[in-house]
Amino acid sequence: MTSDEFDALFQRVCNWGRWGPDDQLGTLNYITRERMCNAARLVRKGRSVSLAIPINTVAGPDNPHPAFHYMVQAYDAPKGSGEPQFALDYLACEFHGDCHTHIDALCHIAYKGKLYNGKSASTYVTSKGPSTMDITAYANGIITRGVLLDIPRLRGVKWLEPGEAVTADELKDAEKSEGVQLGEGDALVFRTGHHRRRLELGSWDNTYDGEGKAGLAANAMLMLHERKVAAFLPDGDGETVPSNVEGVTYPVHALQICAMGMAACDSLQFEELARVCEEEKRWEFMVVAAPLRMPGGTGSLFNPLAIF
Amino acid sequence: MTSDEFDALFQRVCNWGRWGPDDQLGTLNYITRERMCNAARLVRKGRSVSLAIPINTVAGPDNPHPAFHYMVQAYDAPKGSGEPQFALDYLACEFHGDCHTHIDALCHIAYKGKLYNGKSASTYVTSKGPSTMDITAYANGIITRGVLLDIPRLRGVKWLEPGEAVTADELKDAEKSEGVQLGEGDALVFRTGHHRRRLELGSWDNTYDGEGKAGLAANAMLMLHERKVAAFLPDGDGETVPSNVEGVTYPVHALQICAMGMAACDSLQFEELARVCEEEKRWEFMVVAAPLRMPGGTGSLFNPLAIF
Amino acid sequence: MTSDEFDALFQRVCNWGRWGPDDQLGTLNYITRERMCNAARLVRKGRSVSLAIPINTVAGPDNPHPAFHYMVQAYDAPKGSGEPQFALDYLACEFHGDCHTHIDALCHIAYKGKLYNGKSASTYVTSKGPSTMDITAYANGIITRGVLLDIPRLRGVKWLEPGEAVTADELKDAEKSEGVQLGEGDALVFRTGHHRRRLELGSWDNTYDGEGKAGLAANAMLMLHERKVAAFLPDGDGETVPSNVEGVTYPVHALQICAMGMAACDSLQFEELARVCEEEKRWEFMVVAAPLRMPGGTGSLFNPLAIF
Amino acid sequence: MTSDEFDALFQRVCNWGRWGPDDQLGTLNYITRERMCNAARLVRKGRSVSLAIPINTVAGPDNPHPAFHYMVQAYDAPKGSGEPQFALDYLACEFHGDCHTHIDALCHIAYKGKLYNGKSASTYVTSKGPSTMDITAYANGIITRGVLLDIPRLRGVKWLEPGEAVTADELKDAEKSEGVQLGEGDALVFRTGHHRRRLELGSWDNTYDGEGKAGLAANAMLMLHERKVAAFLPDGDGETVPSNVEGVTYPVHALQICAMGMAACDSLQFEELARVCEEEKRWEFMVVAAPLRMPGGTGSLFNPLAIF
């Protein structure tokens, strides 16, 4: 895809102005009160599954910013003689990247100097933090129907290989195979098997300097736009690396976040989810996901849940 | 209450062994699959409310460990010429204490050298972290019915003053006043108005060296035990400071976490929740709360949601 | 002092261009090789004194950013069975401010949009860090003669009270009283007793919202300029708060760092130093001070030494 | 070397009790006042050289704990309209390991459950930190004569290859070749070319799982003991990996720190130093090194200086 074709695609999926010039929610506006209630009705078995990777403190080719996690106080050394005694810990993390399960704020991505809704990136997001569209816009959480489209299941493979790009047609094939249809206000839970590959083969460099990663084809965004998907929860980060777009390293993020205002998440894992979907023979469930309420956050570590 | 009386109370509410010697879930065992499904049925309006205080980076008398939050990258200084551009941030926090909304792991509290289920504290929680009952035990979240017992509403005051202790009788009065009854597997959402007082009067020193805080009377734990409450979500941290228990500074934590194995949370805020309950004329709702999936965590920052 | 008078003073002490347009050392250029050798000759007793305050992890009115310091590994929980065993720790600090002994880089201060040497502040110091005059400019350390001018000793008081400003005349009186003269390339070690006051009375709010602090009068900078002082090491940070300069909250920093290019340090302590000077009956000594070699640092924690 | 032979060597170099049971300084006791003065007399040229590696924020095979360094405030986003404006930054680091120039406290190493001077490791160094021999014992710095023994220079190679061990005889050959003799109270500056290898070939895994590293032979400690060396400043960390001692992974640390009480530093670089020594045709100089004054520190980042 040439740079011009990409810009045309950007225009086709662009939601700027759709919900007003000061909108903070983007595609979460698709989650009406009714849809939130419908999502809750999917809870019919009382099963819950975490979609988060355990926080990773070990540096590796895909974890250049391992989290710092330390005990502050343990029980080998009681603090004074009082009761009770406390154990405490501390966590520090630069969470963006390919190893920490997180959600992006709408201010996280700028394309050609513009944020979602056409706001000037350099005006609104400075060294003092963002003054619009930070992660607190999502403070009340993402609560909607989740639909798992499990591409390795469709293909009968363990995982997609780095560099493979999933098209809209393949998403539709997955819908058919699972008997589910992605609709307005839904969260697309998109499985490439990225995390399973990591569990079995170990971590790898998934940047442009390394092996890359499997993800969505850039023009699959048209389908997500037409279906009015509210949120995107991939393993990996949804990007195909290398991308097939000239001059745009991460086209999926540019389209989803900047053009569409979509709630985009990165680096989830669906290994247990895939098993539960198989057991329950359904690929739809209630999703509840809440970022930390961090003023000025460009995103947040979080632990999204699928509830059956 | 004398120290001996407290130890007798500890025995009366003690759940050690109830769910086996290696139990990791404690009172979350009360949340059966059926109760989780019932909780989801409370979602009838499609409204969601965050119960978290915004993460606080400002030191104060009740915030001795302000979080560090910094921008890693902003748009004033693009990194190279590629597209898209990214804004990034970093968060570091020692989250226990009275200012950061968090959940405690069962390993967080030891009484007389023992953790919940009678495990030796010094054996299981060392400087290398806990080897049992860390916060990942709650990785699949707390999903159940929440019941707000709003004591300032009952009393017709803005907030309880520091040092005031709420008894079981008063909890029952609140139930009557709200037409709701706390039952097995529920999350008790307990409002003293702590956070409203902070918003209106500013922060104060709520430790033993300062003004203290309002909370539960220690023997109100008997009622929570009999009702088989699964989780406790207070503003403040549920403790009355000073406590009325001789030699035990934080008796509520000792009873809840160590004796009962209850999922205990600290420092939430219910200002918007109280308004929504009033508007909806119901004080029950679905609660969904998920800690970060942090191996070795003694607790976690989180953003619990009440869903109507 | 009016704003215009301040700008005139700024011009009088301005060293922009003095050592070339790309100079990174500022007044450290005054420390010739000969002066460094002369400083070493002051080591005649073999005594060394730390000028640093112990790193402070306790929040307080003058410590809004307490350092995080945690054990990473201790000996209660050996890691494996190997020998030897290790104890490890971790330190995180936002070090500028009034409680952590540190040195400022020349990029730390901008006045009217300009850094030292007239460089554009917004061009050179972005959210990605400074691209000129970071703390690595001082990587080889500050090695020169230090002269302690001890104002409380001169006045016969324990400390100067917040708000008091020391004039050039009083600096000269201190020189006479101590039999020493501040000269070219020297480090001025300037004692107000700030730290002694803190030790005896406890911490206080020394900002514009609080009690303020004692320091230099803004026009004392003329004397430092004429004497060609290389470095400034105060207890407190050298500023009088409130300043007597209209519209300039921290005039000493603006003059020293931005106009003069002087190596400026903050929040040292001279309690032991003052005693040693008294014992040795000399107020001059070798100073050796080295910041951490942190690319992009706007300053650094450090531990400067006075050697007799 | 068998484990028993190592224990015999440990006894031969053991300084326990030599300076009293509560000694905090270990071999720094060798630096008498006279020796400190003599060291200062080596400053005859007025040249200073940093021995620190720039702080490294990039994860790699030898940097599993990259430092976090962020701008707190820059000039793209002025804070209010006041003058002057400030640029601020933040540093977080777990500094032990092979990539951050640091000094070890005497509490950093335990052998068979004992610290230097025979203190019980588990008693004195708990999750709350060390209660003896922390890094503040060195608060007044290490000020003495430094002697560079440059082994690659002696051998006529660029660097020693991983796994190579330098013997006492080779140290003596280096002395002869440089016309210098290591003596009582000196700092041994020991160059293997580790850092040059890293600069030219890139980082490598120097642990037991990887390629290893060059260092001292364990029994070279006898010579350091007999010469009464006060401090050890290596590039790398002085260890040969794999060690030739059965069952002891890091024998040099065990001997130096635990048996001898020697001030041991890790991960310095001597590339500029080696050039200056060559230019000056002398391999002795004044060393001044001061750790941060961190109560409870098991070591510290620092920036040691060699002064000619």
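The first chain written gets the first letter, and so on, giving A, B, C and D; residue counts start at 1 in each chain.
One rule holds for everything that comes next: a contact is a pair of C-beta atoms (placed from the backbone, for glycine too) under 8 Å apart; a residue touches a chain by one contact, two chains touch by 3 or more.
These numbers come from a predicted model, not from an experiment.
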Item to check | Reaching subunit C from subunit B through chains that touch each other, fewest steps | outcome: 1
Checklist entry - Looking at A-B and A-C, which pair shares more C-beta contacts? => result A-B
Checklist entry - So how far apart, in whole Å, are subunit A and subunit D when each is placed at the average of its C-alpha atoms? => result 45
Checklist entry - Once you find the CA centre of subunit A and the CA centre of subunit B, what distance in Å lies between them? => result 27
Next on the checklist: So the centre of each chain is just the mean of its C-alpha atoms; given that, what is the distance between subunit A and subunit C in Å?
Outcome noted: 46
Checklist entry - Where does subunit C touch two or more other chains at once, residue-wise? => result 68, 71-72, 74, 76-77, 90, 92, 94, 122, 126-128
Checklist entry - Once bound in the complex, which stretches of subunit C touch subunit D? => result 32-37, 39-41, 43-50, 52-55, 68-69, 71-72, 74-77, 82-96, 101, 107-113, 121-122, 125-130, 136, 139-141, 143, 247-250, 253-254, 258, 286, 288, 290-299, 301-305, 307
Checklist entry - In the complex formed with subunit C, which residues of subunit B make contact? => result 58-60, 63-66, 68, 71, 73-74, 76-77, 79, 92, 94, 122, 126-128
Next on the checklist: List the residues on subunit C that touch subunit A in their complex, please.
Outcome noted: 68, 70-72, 74, 76-77, 90, 92, 126-127
